[in-house]
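Naming follows writing order (A, B, C and D), and every chain is counted from residue 1.
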Amino acid sequence: MARTTKEIASFADAVRDIPDGSVVAFGGFAYPGTPFNLVGALADQGAKNLTLVANSTGGAAQPRLPDIGLLVERGQVRKVICAFTAATRASDVLPFTKYYESGQVEAELVPQGTLAERLRAAGAGIPAFYTPTAVGTELAAGRETRFFHGREYLIEYALPLDYAFVRAFRADTAGNLQFRRSQRNFNPIMAMAAKMTIAEVEEPIMPAGAIDPDEVHTSGIFVQRVVHIPPAPVGIWPGKRAPRAGAKS
Amino acid sequence: MARTTKEIASFADAVRDIPDGSVVAFGGFAYPGTPFNLVGALADQGAKNLTLVANSTGGAAQPRLPDIGLLVERGQVRKVICAFTAATRASDVLPFTKYYESGQVEAELVPQGTLAERLRAAGAGIPAFYTPTAVGTELAAGRETRFFHGREYLIEYALPLDYAFVRAFRADTAGNLQFRRSQRNFNPIMAMAAKMTIAEVEEPIMPAGAIDPDEVHTSGIFVQRVVHIPPAPVGIWPGKRAPRAGAKS
Amino acid sequence: MSTGLNRQQIADRLAQAFEDDWIVNLGVGMPTLCSNTPIGDRGIIYHAENGVIGYGGVLPDGEEDLHLVNAGGQHVALNPGAAIVNHADSFAIIRSGRIDVTVLGIYEVAANGDFANWKVAGAKGGGIGGAMDLAACAKRVFVILEHTTRDGKPRLLRQCALPVTARGVVTLVATNLGLFEPKGEGFLLREIAPGVSVDQIRAATGAEVIVPENLPVIEVLAG
Amino acid sequence: MSTGLNRQQIADRLAQAFEDDWIVNLGVGMPTLCSNTPIGDRGIIYHAENGVIGYGGVLPDGEEDLHLVNAGGQHVALNPGAAIVNHADSFAIIRSGRIDVTVLGIYEVAANGDFANWKVAGAKGGGIGGAMDLAACAKRVFVILEHTTRDGKPRLLRQCALPVTARGVVTLVATNLGLFEPKGEGFLLREIAPGVSVDQIRAATGAEVIVPENLPVIEVLAG
């Protein structure tokens, strides 16, 4: 029987079957595009021994939003692959940082562009590639490098995901996604890298055909489940206020 | 002095300074997205000893449109890097094929996905990558392979371009491009791979700001010159009729 | 004229082998006829190597969109839920193993699952297109071809004579004479075209033909 | 309070060093202040690592777009001709050498052009962000920092003490005390902040300071 829609009624239903030991990525850069609702649902669901992939390991802002720090505090996390194990402001101390510095959780620190390219490689069936980034630094110590046209490059490997959590602006029942402004960031490449992508979506899910094929940012081929975010305070809408209705310029 | 617009008045002006020996790519897959006007202008301009990059090496249809076959007949071409040195229909004989089979011009035959990825790699600062494509075939004979997770992969190298010729639907004076439907194909990645991208554009060039930033397919960072295509018969509009005005659904 | 099924009928039989919700890549030539087959609303998504995801049948003159072609350069319809991606992303979909089946038009197929479709005998070059990427990375490879060459030589063989596109990947073969499965030692005849005999097939095949006890006849779609 | 220029004034001086039509990447922290500097319509395109191309100054509360932030997570304006790309394409722009200059906030810079900005002393981890990609691939690297640490230790050094982000890449250094150029053996003082003396700079610097005959004073923008 053909699937008729990828819409799922709740975040709990969308993450229910994620097993212990999964590799799960969270999109987002600062607030835009960060799937806080799905992260919160994963904290409630309780899967353990997770490897998480994200640009950063959470925020220092109060009140706390569901983030990697929360999952670490609940003992759900084995390892994080990220570009920041600490806050960008040295004076901010993240919950994650304390657990990491004391050895209670592992981390693999990856330059942001390399992280993006490793995800993109996984989504493109490319097992490994070479990059100039990090050559000559502590991160390249003891690792394989190779010269091309007289310049030294580091080998890097694809980073495949079991699950990608993304936050989008619009979606249709076929799973096609549109992001607004800098909401896009890591989300499309995490969706490509994952066996299963789950999207939290700001606007009501649209019927297939409602999004112009030229304006789809992530094809439904890469997206398996979409959940519409309910209004606050049930749904998480970070920032000073809810986005303006019809905010698309 | 800041540039105020990337619009150029004519195809002749847009290609005038292309020197002998350049590596020039042509986008397009069948008719959509193929920069016939720029190819014609390059034939008139007369640059020689060119290396051309394109999916295919021209069409067999009559009347002839400007294509690689024309440039080969005029003695402008040293080598072609492509996925087809012959027509897909074995009974069609292309002008290019005759020159190639008789040794008057070189060719490097590359699987289409590898061609796309080599262009994307050049545009992304990646000098080399591994792909499963072509392993075990004549094209991989004697070439470097490597195993990852028990599977054999072939190393492939970036394919940087001096010039990319693309055909787009809309552009603004900042060089941002939108493609319609399957017009997109190789065009965005060729633009990324090139030092200079020249676009022929179907709609009148719009002021910067007229295209929603979320709906740009190729950023103006990758595009240096845009030329509006005049109506037929001066401009080339292949197919049975000119596109409908306002055809965007 | 060839014996047995015509080109659309061969494509029709293969299209009926697609399973619900499959992502199906159709190559240039006969494969593109599969998107014309009326198989109902089964959630099949047709993917073309040029980045068109979710297209339908070939459109009649006057109704086509000149900006939109399939892998064969034909103007096709878009289905609800369609999306367009660039060539790099299109082959990302292919290489990352998301294509459930690719249907390729070919020159030769061998009983061991090898096939050839890019270089003809005596030529220096040829046309690879996306076939090598697809053959190496799709979950399944179905092929579609006339059972023999124009001068009657078999194209289902013990071993490919032409340079191969990929090795050991073909799992289903549709020709004008029947539906076959490469089995290593020979081709299993799964269904036979109406009006065709097993002896005809044996005579036209360059490898052993394994004939099951119960041999169904291909049902030709009306229209 | 630090001596000399305030944070916005340091950024202002650096922004005036950008050339017409440059593509300029601004990192988190002080660098993002550069897009607030009124430098007129010079064709400068600001690029943020999260894929925002062509942004402007930070917007006041109530006027911001909650879907749009710069590398520092601040809500910024978009200029005409802006475009959004994903993270892979944003770093494609960076690694392919299209960024004319990246401005990075840092911990230490050495006279040989090395710099450090991702790991503080005694920490196990840190924050690399996009700085290693930018430093390795941008055409130029400008850095911006307070001249000394909070407890008065120099951050312009003969050699970096912290793990480096990249080697030999910095060509311009702006601090609250002046504008400097790493020259291998020391830092050339190109301009001095108003109200600051050369002796003060020498005392606050962990490497030789080369002082030219003619030493201009940094002109502070009104406002």
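Note that in this section a contact is a pair of C-beta atoms (placed from the backbone, for glycine too) under 8 Å apart; a residue touches a chain by one contact, two chains touch by 3 or more.
Since we're looking at a predicted model, the values are computed, not measured.
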| item | value |
| --- | --- |
| Farthest chain relative to chain D (centres taken as mean CA coordinates) | C |
| Chain pair showing more contacts of the two, B-D and B-C | B-C |
| Distance from the mean Cα position of chain D to that of chain B, given in whole angstrom | 38 |
| Centre distance in Å when chain B and chain C are each reduced to the mean of their C-alpha atoms | 28 |
| Geometric centre distance via CA averages, chain D-chain C, whole Å | 57 |
| Geometric centre distance via CA averages, chain B-chain A, whole Å | 34 |
| Touching two or more other chains - residue numbers and ranges from chain A | 117, 120, 124-126, 131-132, 179-181, 184, 213-214, 217 |
| Residues of chain D touching at least two other chains | 78, 84-85, 88, 91, 94-95, 137 |
| Chains touching one another, given as label pairs in label order | A-B, A-C, A-D, B-C, B-D |
| Residues of chain C that touch chain A when the two form their complex | 20-21, 23, 41-45, 47, 53-54, 78-85, 88-89, 91-98, 137 |
| Residue numbers on chain A that touch chain B, as the complex places them | 117, 121, 124-132, 146, 148-149, 151, 153, 157, 178-181, 184, 212-215, 217, 248-249 |
| Of all residues in chain B, those that touch chain D in their complex | 1-4, 120, 122-126, 172-174, 176, 192, 207-209, 213-214, 216, 219-222 |
| Residues of chain D defined as touching chain A within the complex | 28-29, 48-52, 61, 65-69, 72-73, 78, 84-88, 90-91, 94-95, 119-120, 123-133, 136-137, 163-167 |
| Contact set on chain B toward chain C in their complex | 29-32, 56, 83-90, 97, 100-101, 107, 109-114, 116-117, 119-120, 131-139, 169, 179-189, 217, 239-241, 243, 247 |
